[in-house]
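Just so it is clear, A, B, C and D label the chains in written order, and each chain counts residues from 1 on its own.
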């Protein structure tokens, strides 16, 4: 695996504040913070910006979604090999905003393994987390519904949700790294996420929509120590 | 409308021969031929390469597919506004390899109109061509099944299929430009396509998989005159 | 066409109040009202109840959705031929709660025509209504967003929405019957729907959730005269 | 669990030979063989025939697919509660001809558990089998690609594929019953399926398309002893 852990994964989603030239700008900021702090940071820009972002920064660039189809006569899809040609080093899979079929999750993981791309499969509860761990992606990012949205953070909510999921995933496979995929807003949340047994965090608006992105990122990476 | 007609639209599909750096290379060749010949050429590279291709060439870059969702919390989709931020000037819609729902076609056309992106809706038969024309995209690219694949070309097959579809579309709307979306391999086919009442062609492997892409493109644009 | 117009189409949706034995009961009530009043009534029960309902009543039974796939190795779908074997006489297509791709709409219409099943395609706005009319289903049921939900009825809302859509559909095809698919709650609304140029109504909760379904149905059919 | 094991599950798919009145006829034959032999048989007729078949036979009737949506305003779907109202006792989930998203598989299992319906989740390889077992449906029906189609049967193919999958599922959960979902044509195959550790079989055309269905069914149940 080439992505170092613990890691902070920044999902740009399709926010216009992080699209086109603004995607390159945010990726460069993440890259600078990574260089300055030594922290491992991964960025997942909008799909149309992968090539340009990957040619602009040294930190790993991930796709937000890949289609389990072969390259060739598959117009309008993004294949694993397309992503690799464009400089991507991995991909999110089954994000809550882009759920896919179970056979597709397996096929994307399989194709990515062959193409040496890494996979972060997003899951919505304990049973689905175990199910996805059984397919042995590189990462499972757990998004307990209790932690999504609002002001609830992993430090204040019942932390047992996270540690129980980590344990359940461990019972299925020892090869899967777990990320805290919801409820992270600051460095303290990052610390707590690591303390609960996960090896990093996946977050989005906390960074993308921040007034002072640099300060937010510096605070987040401080939580990795 | 900013795309000049008659036009040659080159769909790179997800071919690895036209993905990543190779997408930029092919787009540059198309751009050069356009400049040299004065012909209108549009390129539709793989989605991850839109930003990089659009920042590398002057000819219009189109997406191969856009999702009818708003920008923001829509991970893994490509929004109309994402595409515009990344430099795209239009999009294919409902390609035979990426069919979408009718309400989605309408929503993509509507969102593109507001964002000043142009739309090429692909259709598979006369009835669907009429249906799509009723939603008034900029272009309808007709792909009569009789012309898809094999060595059948629009010059040798029954040309009535194309001219009948043009006429049917005209009966629905005078604002829609029609492209010949199948059966075009060379300059002679392009001439025939124009003669039958369409205002250009949409093609893919004939260019992408060609041994000598430059000669093929030069031959194709010769048919526009 | 075997469905007589003007017609009242009752969509049972998946309401438990109209599912299983309760679907048969409601269908029998509709059948009785039809017999007593001479009014044309069509029922669309939950999919699992088609066979049982069709064997229990004489009025036409429609599916709520059919899949554009062949009969045979297509587990979990409902084919046009399945529906016919089960006694269905037609189907809703592209209901707002079950949108399908444009090529699928065309294929369902085409397969139904061959199987002598009738089609009611649901549409959400003027452009999509025209598009669907171009594919010549038996009926287009228009659901102007302005009329959906709340207490707005076709008699009180701006009636121009409906008459404009009727006119637009007429400009595309003279063979398509138009239904008012939203904003109908009582006999007065039915009268207004006919007055505006449509040939019937499609409604659901107004009947299914009514405390006194018999009175509601009697009132509705009174509007057909 | 109300379905007794070992069990033979007959999927009628959408074959016209087992649709409408012919679905009732085949279900009655299965019911008779079950009564005569004491064997546990489950039938999964086309969706529109569930109510009628369930009211005609005593053996358990399963849906071929259910949608993970609530009952009510969900036209054209089949909800778990619809299926129960119509007399179904369980459902196939994620059949190879009707794949669904992983979160949907989990939701259908969850809804079925609450509604006391049983679930048979179909899987296509070892990793996906483990993944589905982690969500603890009542049954996992494994369809090793090596066994699908042609004349390959579980008795002649490498039996290790089946026993390895059973073992892998056991390592995930002790509560999941495993069915052999491919490669079964006769009583000998049924015996072999049980010998390899599975608790029954799921088959379709072997019964539905048989010239002498009664003999085929009698032979199959003989393999259960």
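The rule is simple: contacts are C-beta pairs under 8 Å (C-beta built on N, C-alpha and C of every residue); 3 or more make two chains touch, one makes a residue touch a chain.
Nothing here was measured: the structure is a model prediction, and the numbers come from that model.
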Touch-network distance, subunit A to subunit C, counted in steps: 2
Label of the chain whose CA centroid is most distant from the centroid of subunit C: A
Distance from the mean Cα position of subunit D to that of subunit B, given in whole angstrom: 45
Whole-Å gap separating subunit C and subunit D, where each centre is the average of the chain's CA atoms: 34
CA centroid of subunit A to CA centroid of subunit D, Å: 37
For subunit B, residues contacting two or more additional chains: none
Chain-level touch network, classified as line, ring, star, complete or other: ring
Complete list of chain pairs which touch one another: A-B, A-D, B-C, C-D
Interfacial residue positions of subunit C with respect to subunit D in the complex: 11, 13-16, 19-24, 46-53, 55, 63-65, 69, 71-79, 81-88, 92, 95-98, 204-205
Interfacial residue positions of subunit B with respect to subunit C in the complex: 94, 99-106, 124-125, 127-128, 130-136, 172
